[in-house]
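Next come two complexes, and both contain chain A; in the first it sits with chain B, in the second with chain C.
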Partner chain A sequence: MDMQVSFLDRLFEAGLLIDTGVEGLYGRSGQFEDVIAAFERLIDRFGGADGAEAIRFPPGMNRAYFEKSGYMKSFPQLAGTVHSFCGCELDHVSLMKCMDEGGDWTGEQKATDIVLTPAACYPLYPTVAKRGRLPAEGGLYDLQSYCFRHEPSTDPARQQLFRMREYVCMGTQDHVTDFRQRWMDRGVQMMDAVGLTVEIDVANDPFFGRAGRMLANNQRDQNLKFELLIPVTSAAKPTACMSFNYHQDAFGTKWGLELEDGSTAHTACVGFGLERIALALFAHHGLDVKDWPAHVRKALWG
Partner chain B sequence: MNETIRGLVTKFGGLPVAVDQIADDADLYSAGLSSFASVQLMLGLEDAFDVEFPDTLLNRKSFSSINAIAATLTQILDKRDVA
Partner chain C sequence: MDMQVSFLDRLFEAGLLIDTGVEGLYGRSGQFEDVIAAFERLIDRFGGADGAEAIRFPPGMNRAYFEKSGYMKSFPQLAGTVHSFCGCELDHVSLMKCMDEGGDWTGEQKATDIVLTPAACYPLYPTVAKRGRLPAEGGLYDLQSYCFRHEPSTDPARQQLFRMREYVCMGTQDHVTDFRQRWMDRGVQMMDAVGLTVEIDVANDPFFGRAGRMLANNQRDQNLKFELLIPVTSAAKPTACMSFNYHQDAFGTKWGLELEDGSTAHTACVGFGLERIALALFAHHGLDVKDWPAHVRKALWG
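== the complex of A and B ==
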């Protein structure tokens, strides 16, 4: 049995995660949620004084915004769309018959106006663009959402529905790259406070196909993405628990985000994989939080 | 070769300036070549020259200028001739 399955089994046995029969789709215990809530408070302590505007979107976004975002160009394999039955009573009879016979009843489902949110910040850009030009000090936003990525796996650190906490910064190139560097420093400090050993490395997104290989190489060549890595299920392949992304003016151009002087905004975001951080804590300090080192418990629960 | 490349840059590059105003050694990214356009250009070059770029050459440098593209293609075509 490989390490990943055994850690997942231990999490199930301890009741921290709850098996639903689908890989990467799990329930969470109260204890697991309490660790995430405590870590989010730690994030607040590090970032709260920055004065970010808090916004919470549900885990679904406007399909039109999703289409415009270009997500399907880069990550068609990860996207999840919401479909519903939109037929008449006669169609319903056919549907019931098909389900009774064990047939594929999903083919007649129609796409709704909702797509599952792939990253917490995706609904933000069109929302901010609608407000008009950014104020002189730029924009800073605090987001958290469940996100969906279709990548079934027995690695508990690769879930299909997981929470992402994010700060997004909009402004000049210097403004947003300073923001990104500040959070790389803070990320290391935060993980140190909870007793986790980390490394930061340049990274790329999982772009689709051979064309994606080129996009990934471009992203690395330009140092656009860094990840904070912590061993969770493997010391050799540590898990990305935070990411630090500089989008240049790509989102600014796409969504028409303008600075006070009318120039195109640059954007950057820092993301926390909340389940991954909780899993790193459980993997490193043990499955019973009562046994965690005192300084870690103090950092999380005061 | 450079003229064929110029034709493909015109078709796939989406540049805001006419390609004939761009020198062979000018930086195409500075001229407005986006990441996605460079991917389209890469696929167009593969089709036109009947080659497949190896992963090691799928980077910004390979497509950074008309000359760089020509050098990248020459490298692949030479290897194929040797093989």
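== the complex of A and C ==
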């Protein structure tokens, strides 16, 4: 924890992250953004030849799709619903009175049709399902968006609003597990190119409550989730900077994703935690990009 | 309205925007994003030599700062607060029961410390105020973020989640009004370079309710807000694609922004509605970028 606070303070001091008064909610400097942009170009170089369809969803998604996704069953504590004032002028007078008196004015806000995107791929599945059956070669999509997770923390690698780059693959079991393995190999190569030492390990999602433990154990036992780990604030507890997820036919069944022959699609996704990767680079190579090793600078900026 | 629906349908059909089932909430294709990226580089070319400090805030801001900003007084209907489940396992059982029965589960969500950013510059003022007095040359900042406004619409130029690029200037009255005038001139030049015909007109913000009408009239009478308008879905009602705002010392006073000599800073901002500019380009030059006039393609992609 001390290491986390101290790294966060150093990032604030160097101006790379900007304190907003809320834990896990930070502004980014131009330099910080430039590192993320450079790393995204590196991702493009590794993945570009695959011919993925690029889609960029905004940081919010349709609440109806979110509800159907089952996210509130597994991760209710992390989700963020968007609420608005929907009253008349008289209601507004009461609202202003409540705010002036320092009361809790948020209880009168009503849920809108929008929920903050919890992972870049959540809006994709219903989008692809609406198009009809997948083509013979399956589906491959390139996504990036800001994602929200309600988990305030002083660890700079655990932010409430952060960007996730993702590739999502839809097809047969062999097709999507090959895709996942290919990106595990690429992930190691990419991090090696930017001077970061990694390990890959089996992992589980942070399922809620005691019932969630069984889901987590099941996920681990079936090797459904792997993470690429890099030390950021702690060598003993390295940070997950990429994840590699095989969903079996769970999303295919839920959303009605069908292959060309009418069978249910299997899906897999690989995600890059862009802020975490940038933080790993700053933690390893120093806060001044000019001082980074030449081969790292070359891999990122050519 | 029919023009709006028909343009939106054509954008969906061409795959440039992607229907998510919620009005004003759309996915973007890689091509759409490429146009926005190209236009942002054009902005950089016009504004780059000014030496603005680049800061990128996430799409949410500190609720305490938002409350202090007075946004809920002027535009309560547009704001989006972020709410989360904060209960125990027993509460989660009730939540799941409510969702399974198709009930309204959102009433139990509690407001977090985060509100969706209503305009890219809102998180900037408290950030700059915390640094102490401004330097002698004033302050100049380059911002971009997704912004939220709760105004569902079938007009593709009125989205609930959209990106705003902004320059914000802090200094004396002359300094910041000169800045504003410079960007009005540049705005016309930039749009001319990409083949768009524009007009600039005095404008007002959408203040809430009857009391808001006085604020709107006052804003117009004092020439505090101008907009650069381009026809997108209607020649009769062109769309505001840029705005040029002089805040007098309102934000300086509210946030305690001080010039080098201790006097209160005046502020001004210019904003680019990035989706609106992209839509204006598609409306004028056609949905296939390959068919755009050569001089427009050259201005955007060199």
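Here is the rule we use: the second predicted complex is superposed on the first by the 301 of 302 C-alpha atoms of A that agree within 3 Å, B and C clash if a C-alpha of one lies under 4 Å from a C-alpha of the other, contacts with A are read in each partner's own complex, and residues count from 1 in each chain.
Criterion: a contact is a pair of C-beta atoms (placed from the backbone, for glycine too) under 8 Å apart; a residue touches a chain by one contact, two chains touch by 3 or more.
Every value quoted in this text rests on a predicted model; they were computed, and no experiment measured them.
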_In the superposition, chain B vs chain C on chain A residues touched_ = C
*Which holds for A:77: it touches chain B only (first), chain C only (second), both, or neither?*
second
_Partner chain in contact with A:218 - chain B first, chain C second, else both or neither_ = first
*Mind working out whether A:62 is in touch with chain B, chain C, both or neither, as first, second, both or neither?*
second
*Tell me which partner A:46 touches in the superposition: chain B (first), chain C (second), both or neither.*
neither
_Looking at A:113 after the superposition, I want to know if it touches chain B, chain C, both of them or none. Which is it: first, second, both, neither?_
second
*Give one of first, second, both or neither to describe whether A:210 is in contact with chain B, with chain C, with both, or with none.*
both
*Check whether A:54 is in contact with chain B, with chain C, with both or with neither, and answer first, second, both or neither.*
second
*Could you tell me which stretches of chain A are touched by chain B in one complex and by chain C in the other?*
73, 210-211
*Can you check the complex and tell me which residues of chain B touch chain A?*
35-36, 38-39, 42-43, 55, 58-61
_chain B-touching residues of chain A, taken from the complex the two chains share_ = 70, 73, 210-211, 213-215, 217-219, 221-222
*Spell out the residues on chain C that touch chain A in their complex, using ranges where they run on.*
18-22, 25-30, 32-33, 53-65, 67, 72-73, 76-87, 89, 92, 95-96, 99, 104-107, 109-114, 116, 123, 126-127, 130, 142, 146, 148, 150, 152, 159-162, 208-211
